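In this document, chain identifiers A, B, C and D correspond to the written order of the chains, with residue numbering beginning at 1 in each.
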Amino acid sequence: MVDYTPTEMMTVSASRALKNDDVCFVGIGMPSAACNLARLTHAPELTLIYESGTIGTKPDVLPLSIGDGELCETAVNTVPVPEMFRYWLQGGKISVGFLGAAQLDKYGNINTTVIGDYDNPKVRLPGGGGAPEIATSCGEVFLVMKQTKRGFVEKIDFITSLGHGTGGNDRASYGVDTKGPSRLITDLCIMEPHPVGKQFIVTSIHPGVTREDIIANTGWTVEFADEIAQTPVPDANELQILRDLHARTAKAHEGQQ
Amino acid sequence: MVDYTPTEMMTVSASRALKNDDVCFVGIGMPSAACNLARLTHAPELTLIYESGTIGTKPDVLPLSIGDGELCETAVNTVPVPEMFRYWLQGGKISVGFLGAAQLDKYGNINTTVIGDYDNPKVRLPGGGGAPEIATSCGEVFLVMKQTKRGFVEKIDFITSLGHGTGGNDRASYGVDTKGPSRLITDLCIMEPHPVGKQFIVTSIHPGVTREDIIANTGWTVEFADEIAQTPVPDANELQILRDLHARTAKAHEGQQ
Amino acid sequence: MVARFMSLKDAVSSCIKDGDTVSMEGFTHLIPHAAGHEVIRQGIKDLTLIRMTPDMIYDQLIGAGCAKKLVFSWGGNPGVGSLHRLREAIQDGWPHKLEIEEHSHAAMANAYDAGAAGLPCAVFKGYRGAELPRVNKNIKFIECPFTGERLAAVPAIRPDVTVVHAQKANKKGDVLFEGIVGVQKEAVLAAKKSIITVEEIVDNFDDVPYNAVMLPNWAVTAIVEVPGGAHPSYAQGYYKRDNAFYKAWDTIAKDRDSFSAWINEHVMNGGPEDFAAKRDANKG
Amino acid sequence: MVARFMSLKDAVSSCIKDGDTVSMEGFTHLIPHAAGHEVIRQGIKDLTLIRMTPDMIYDQLIGAGCAKKLVFSWGGNPGVGSLHRLREAIQDGWPHKLEIEEHSHAAMANAYDAGAAGLPCAVFKGYRGAELPRVNKNIKFIECPFTGERLAAVPAIRPDVTVVHAQKANKKGDVLFEGIVGVQKEAVLAAKKSIITVEEIVDNFDDVPYNAVMLPNWAVTAIVEVPGGAHPSYAQGYYKRDNAFYKAWDTIAKDRDSFSAWINEHVMNGGPEDFAAKRDANKG
């Protein structure tokens, strides 16, 4: 068996959630690595869309920003940003939105705005960017995020982007008819929303991780499914491709002056 | 002195209304001939825009439709039709709209929709096309039309496009802050709106035309300005260029099968 | 679902059914004439036809009895005159009564844009002082919540099927439009299904500029190669508009019998393969 | 009025004055860094800065004390982390308090679109279940007059001045954008005045495709040739994004003194001519 890090486990698990015929709106950072890994392994026809307007991009290295030149050079087409948000995202053309978060609650509501009070923040975060509408306009949303008590909280400080709201049918009460967060992939486990209550429940645990590890790193009361799978470990091919991707990326981003 | 037809007189007079730095939204037919004549004579930098999305076009022959290939091939840029109507026309970027009409009243309100009742029309005309918004979004509107009692009527059967409404400040009451019809060029004369009442008054009469001719061909009570100019006749150069343009056009449109 | 390459017959029969709302767009350029003929040949009925500039092909569909309703903003033969079949359908109810919903170009361009953008309606500065709002209940007015300005609103256009013609598809099924692109991209994105006829299918789009007007294969339903399929409209880079035929149409369509004879000879007894010769004849 | 070719110094001093609302756009690509530096050098104050993705150049303008207010939707150093000058201005009021108006990308993209389109507001399916409407009074909701659907509305963006960078102008002053074109065209069309810095001025655009992303000369106020003027952002076809410098900025900007020293050396004692060397260094 190959050695891997928890982050690699998370990235590989996240990549496996994507299907070959998905059209995926890619958030920067962890989502970008997972989406490109999927494209380079089991989902070669996966369509990746970045909010900079690049449609069907196939970057050889991970972009540092959402608008690096590689994204455009390898895309099927590059459109203006208003068109991206109007025709493609709001127009309902995207099957999956892949997002990260600074703070998350058990209903998959996302905070990337502020820690503390909005008007007198303890930490001012970058803000919502594309996420508020990615979260509501994509067919479903996958979340990927390292699991910590600070990040996985009972109540987020600011609802930047809607998940399942207060649970149950609350999401629909905003006139939103998309599925919302359907999977949360962390470095410890995979969670999926309860079919009725919509709170996240642990459905798969990564090898070597205990239930206590998950509880210790979660700010809400963790629920476990009746039957819990063990997440399949990354295979050698996935790890090799992921590591090569990161190596190419590091080289490309340091190589300039 | 060179011989010319009343239509040539009208086209040349209309062309002279355009300035070199105008950006002109061109209606098909008579306006197109006048606008291209202006471009080929005194206003070489005149920007012509057709609703098909062609910006800054310089066709060598008059287009039969508003979307002939020459318009695109000779344009600075060709944009999608929604962009044309949204960013360029509604966005207030066009200084002059050049329109024709089937029926016109003395306030420059235009009918190109129906003769008779809308639901049981005597004659169904093509409809408004771009005109309703050209009439309100362009800085000012020039009208060009052969003068007849059937066309120049006291009350038009349908207000396809707003002129000065019921006169005075009526146009502004619709939230419209553009100038509206500022000149009406016919085969007999030139009319301009009264500064206060906004009804058209004859300000220039073409050579060889009498006041009686104008009155006989107008369905409303004609008003004449205190001082009336005689419209300068087409010069030899204008006529030559206009005739060459028509000859090239006829050849191009018949040459295909 | 990725676009499928099909015959024109299969594309039309699998995508369009009686009673559908269909948009065949093309702003003078790239009008899908071959596809329109196929709809007539298949005898599809009760269509609600949408188009900014219904011209010859809609005149043919209406005269052939395919249409129940027309949504439009300018119905004429550009530079020539009236559409006699459209006019007779409205004025005399031949071959049967035609319901109309009439807009301005700005309204329809905005309504296609709104349809592509997934909005229920388009909001724009339109119809100010114009009379169409009196006769079209699908024109309403709202107030800007910030300035109080009165703005026109029309429902978004969401066709069941959009049919357009483009210059090229590549082997993956991505589609390229060049020149006067009209509202074609919006019309496809606004529709549930789409049929794209193209002049040719090429291996790849490696030489296509970054910001070309395109549709990726997963945004399109069916692709059909029909060389010359826009004739007597044109395809920039392939053949010119057959202006002489647009003029000739005025005579053909003026009379019911000559119209029916033309449809019989050129449509009912014709096929998409006839268009290639027309393309060659208009290359110059 | 047709665009005028000017020096960067004259373009900034003639177009931008204290208290103006200014948009310097660029979605990672084509960010007008040279022009931003000129604004700092001229000591222009009390600006309301608008931008979807304020990054390094707005961090510099804010840290240098040019800004009174920021309208934005994502304020970070992409892939690197926080903008320290922006963060300190918000959290600690240094060099002075910064007012913020915060939106989502979709809201701002729609607001630029509405500004270009001459509308008072943008209407879109946005902010559903999100909390920004609680803290931003410029987010309201209206109802679709046909379906009753609740839609978000934000005021159109109408800057006094928009500043963008493009690849090329021709000698007539028409401007060409290629690659990731962001909201630049909309931002220029929405503004009262515009400054466009370009990589080069070419004789003509004869080889430019029909449907390129362009601005005709009469839609632009001032054009300035500044080779490398987007560095450390990039110009597709000319030089790459200097990702290493974006990472280095994190260290430079973290500390007030090192920030001020950098501004002094590279901005106050620099000029637009310095950018050509940076372009050459990032060609690879």
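Here is the rule we go by: a contact is a pair of C-beta atoms (placed from the backbone, for glycine too) under 8 Å apart; a residue touches a chain by one contact, two chains touch by 3 or more.
Small disclaimer: the values here were computed from a predicted structure and weren't measured.
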Common touching chains of chain C and chain B: D
Length of the line joining the C-alpha centres of chain A and chain C, rounded to whole Å: 40
CA centroid of chain A to CA centroid of chain B, Å: 57
Multi-partner residues of chain C (each touching 2 or more other chains): 113, 117-119, 124-125, 149, 179, 181, 186, 210-213, 236
Residues of chain B engaged with two or more neighbouring chains: 72-73, 78, 86, 90, 137
Contact graph of the chains (line, ring, star, complete, other): other
Full enumeration of touching chain pairs: A-C, A-D, B-C, B-D, C-D
Sites on chain D touched by chain B in the complex: 1-2, 113, 116-119, 174, 186, 189, 205, 210-212, 214, 216, 218-219
Complex contact set, residues of chain C against chain B: 27-29, 52-53, 72-76, 78-80, 82, 86-87, 90-91, 102, 104-106, 109-110, 112-113, 124-132, 135, 149-150, 179-183, 185-186, 213, 234, 236, 240-247, 281-282, 284
Complex contact set, residues of chain A against chain C: 21, 23, 45, 47, 55-56, 72-73, 75-79, 86-87, 90-93, 137
Chain C residues touching chain D - in the complex, by the definition given at the top: 117-121, 123-125, 138, 140-142, 144-147, 149, 151, 153, 155, 177-179, 181, 209-213, 236
Chain B residues within the chain C interface of the complex: 28-29, 51-54, 63-69, 71-73, 78, 80-82, 84-86, 89-90, 113, 118-119, 121, 123-133, 136-137, 158-162, 165, 171, 174-176, 252-257
